[in-house]
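Each in structure tokens, the structures are laid out below.
In the two assemblies presented below, subunit A is common to both, partnered first by subunit B and then by subunit C.
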Partner chain A sequence: METLHFTRPARAAEIQPALVGYVGSGDLEVMIEPLQGSQTEIHIQTSSPGSEIRWRQVIEQIEARISLPAMRMDIHDFAATPGVIRLRIEQAIELASAVEASA
Partner chain B sequence: MNCRAHDLIWIDRGQLRAPVPDTELPDWVVNGSGPVVVRRAPVDSGWIPVGVRGESKAQRQPAFAPLKAISKHLDPYTLTATKPWLAHCERNRHPVLIALCKLAPLLNTLPLRWGVTGSLGYEFATGERQLRPESDLDLVIDATAPICREQAAELIGLFGTASCRVDIQLDTPMGAIALAEWAGSSEQVLQKTDTGPRLTKTPWAGEKDEGVKPC
Partner chain C sequence: MTELTNTALNRTEQLGFIDLSARKRIESLLDSGSMRELLTPFDRLTSPWLEKQGIVPQFDDGVVIARGKLDDKPVVAAAIEGGFQGGSLGEVGGAKIAGILELAIEENRKGNPTAAVLMLETGGVRLQEANLGLAAIAEIQSAIVELRQYQPVIAVVTGPVGCFGGMSITAGLCSYLIITREGRLGLNGPQVIEQEAGVEEYDSRDRGLIWGLTGGIQRFATGLVDAFVDDDVSALATSVRDCLAAGVPTLHRSDDIASPLKRLQQFDTREQIDAQRARFTLTQGKTA
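== the complex of A and B ==
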């Protein structure tokens, strides 16, 4: 397993903890915890070596579609494709932000 | 011939073509031997999408195989029906085989078709050593007929705990979902389809009939 760490600017937002995904080949698990301040910390454990550039690209693609809330995001990746990664992260953010939508 | 993801096909390696036109496949693919594995991607007019396994885990190469040149075809259900684990020398030692020996009799009591995929399926089909100490047990259940979420939860309960990680996929006509996710509380589940992954509440229905209940 390889560990990657990204810090990205984010907006302060009220979110709730969220856990989505699946521990299995070609999939990943995404956990979100609220974080004070205006940044997002992303911690990734991945079974795909040398994938830092690909992860950076996926995160940039998500930022282009969604304004990231301040959060800590922990990812356990089991060689998921970029398409699966994007869907899972967006699913987790949607679930974490559900409290915001209903407030 | 109807090829589905996880099926093994035997073909002259020289007949394979690279996934991107005008590019070459690596030498280890062309010079290697053994069957290739059907992967989930659109079929391209007579060309089946396949994955080629190399010696190391990092060696995985997507390719296309011409339907006409396939010499043999084996699906995981046919492979599993002969109970090949009974003849495996590590059936009492390797966690994956111990898990399978426990699960197989339970699965065989159910009115479902199931099969072994992944490294162990490849090993059963070829006799080549593929299992690693850290291998998972990969299984597929034919879910042509819908399996509702309550049934999925019952299956998970029936299987209990295992000696290794067990990844059971439900193969629906629209693509594959993880049994454990379908049995869980998440409203939407991830489905791997021939045209890419999607999140869905209705894995047996297409995008256009999202209102259809699974059962």
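== the complex of A and C ==
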């Protein structure tokens, strides 16, 4: 198991707590909670060692598509592929941002 | 939208229960909008032992507990996430289930009838947490024995994991047990039995043998469970409501030991067991 931390610039936004996925084979759980300020903190626990570069690339790909809201994001990964990871993170952000859209 | 989808795909109204997550399972059975989860994932009550052993934890430790209503009557519910560590019960997850049952006991003592529904999808104790998991299962069992005097404790085993190990004893202690064709119930899992008894006696890859002995159809036919239902949310909800309406049984299955024990003692272990012989022994030929 490996623990990784990323801090990324983000925009201040009103979001709600969100949780998607579970820690099963090839899947992951993503939890989002609001964070004051203008950055996103990402805390990852992954069963795949040596995956820091891959995680960095996935996060960069998501940033290219979505402007990250300020949040704390916790990830428990159980050997998910980059495609599944991206899907879950985007799903969590969409759920967390639902309050923003309806406001 | 539902109507359109069903028409378009020419599907029946059936909604599978097995594919639902633990959280959705509780939500699907309780009265709409009545579910209130306790100790949610956002409380971050993870296993303190898995990380030390290099295993990724889950925020709810694979167990969801909630209060809610069934037919407008207060109930507590717990569901195990079979996909996380095989639905194994450790210190935290086990304490969550024991805690919600103890909460129901307190409510009953105060004069507020509160039943319990347990959705068991588990291989039993989490081996990485050993004695702490076993202690938690013992707490769950003693809570069930106390609670079932007041109100029904209803267990649901739908698969895909089934219910094994110490938690199969837990299931046996419940007032009512509901199973599907896909559900399995047994003390030891197939691989454990094969390892202990030898592949000649019990081949864990022989699916026909395994399902024939521990599958839902056999368990229902031999009277070890009370209801056999389809993998369908509304069928399960109806069955749970029926058990709730039936109230506290006059004789709990776990108090009726003499007659099944007598039947088991008549069994000749020199002959190879199969589904048919097991059924005959357990029913004395009086098949359902």
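Convention: the second predicted complex is superposed on the first by the 103 of 103 C-alpha atoms of A that agree within 3 Å, B and C clash if a C-alpha of one lies under 4 Å from a C-alpha of the other, contacts with A are read in each partner's own complex, and residues count from 1 in each chain.
The rule we apply is simple: a residue touches a chain if its C-beta (ideal position, glycine included) is under 8 Å from a C-beta of that chain, and two chains touch if they have at least 3 such contacts.
As the structure is a prediction and not an experimental result, all values here were calculated from the model.
**Q** Would you mind checking whether subunit B and subunit C clash or fit side by side on subunit A after the superposition?
**A** clash
**Q** Applying the touch criterion given at the start, work out whether A:Glu33 contacts subunit B, subunit C, both or neither, answering first, second, both or neither.
**A** In the superposition, A:Glu33 contacts subunit C only.
**Q** Quick one: classify A:Ser25 as touching subunit B (first), subunit C (second), both or neither.
**A** In the superposed model, A:Ser25 contacts both subunit B and subunit C.
**Q** I'd like to know which partner A:Gln45 touches here: subunit B for first, subunit C for second, both or neither.
**A** After superposition on chain A, A:Gln45 lies in contact with subunit C alone.
**Q** Thinking of the overlay built on chain A, is A:Gln91 touched by subunit B (first), by subunit C (second), by both, or by neither?
**A** Only subunit B is touched by A:Gln91; subunit C is not.
**Q** Between subunit B (first) and subunit C (second), which does A:Pro9 come into contact with in this model arrangement: first, second, both, or neither?
**A** It touches nothing on subunit B or subunit C.
**Q** Is A:Asp77 touching the first partner subunit B, the second partner subunit C, both, or neither of them?
**A** Only subunit C; A:Asp77 stays clear of subunit B.
**Q** Would you check which partner chain A:Pro17 touches, where first means subunit B only, second means subunit C only, and both and neither mean what they say?
**A** Only subunit C; A:Pro17 stays clear of subunit B.
**Q** So which subunit B segment collides with subunit C once the two are superposed: 24-32, 150-158 or 186-194?
**A** In the superposition, subunit C collides with subunit B along 150-158.
**Q** By the touch definition above, which subunit A residues appear in both interfaces, subunit B in one complex and subunit C in the other?
**A** 22-25, 27
**Q** Considering the complex alone, what residue numbers of subunit C touch subunit A?
**A** Residues of subunit C touching subunit A: 21, 41-42, 51, 54-59, 62, 81, 83-85.
**Q** For a test of understanding, state which residues of subunit A touch subunit C in their complex under the given definition.
**A** 1, 17, 19, 22-25, 27, 29, 31, 33, 45-47, 74, 76-78
**Q** In their complex, what parts of subunit A are in touch with subunit B?
**A** The contact residues of subunit A facing subunit B are 20-27, 49, 81, 83-84, 87-88, 91.
**Q** Flag every residue of subunit B that touches subunit A in the complex, lowest number first.
**A** Answer in residue numbers: 58, 118, 136, 138, 165, 167, 178, 180-181, 186, 188, 190, 192, 196-199.
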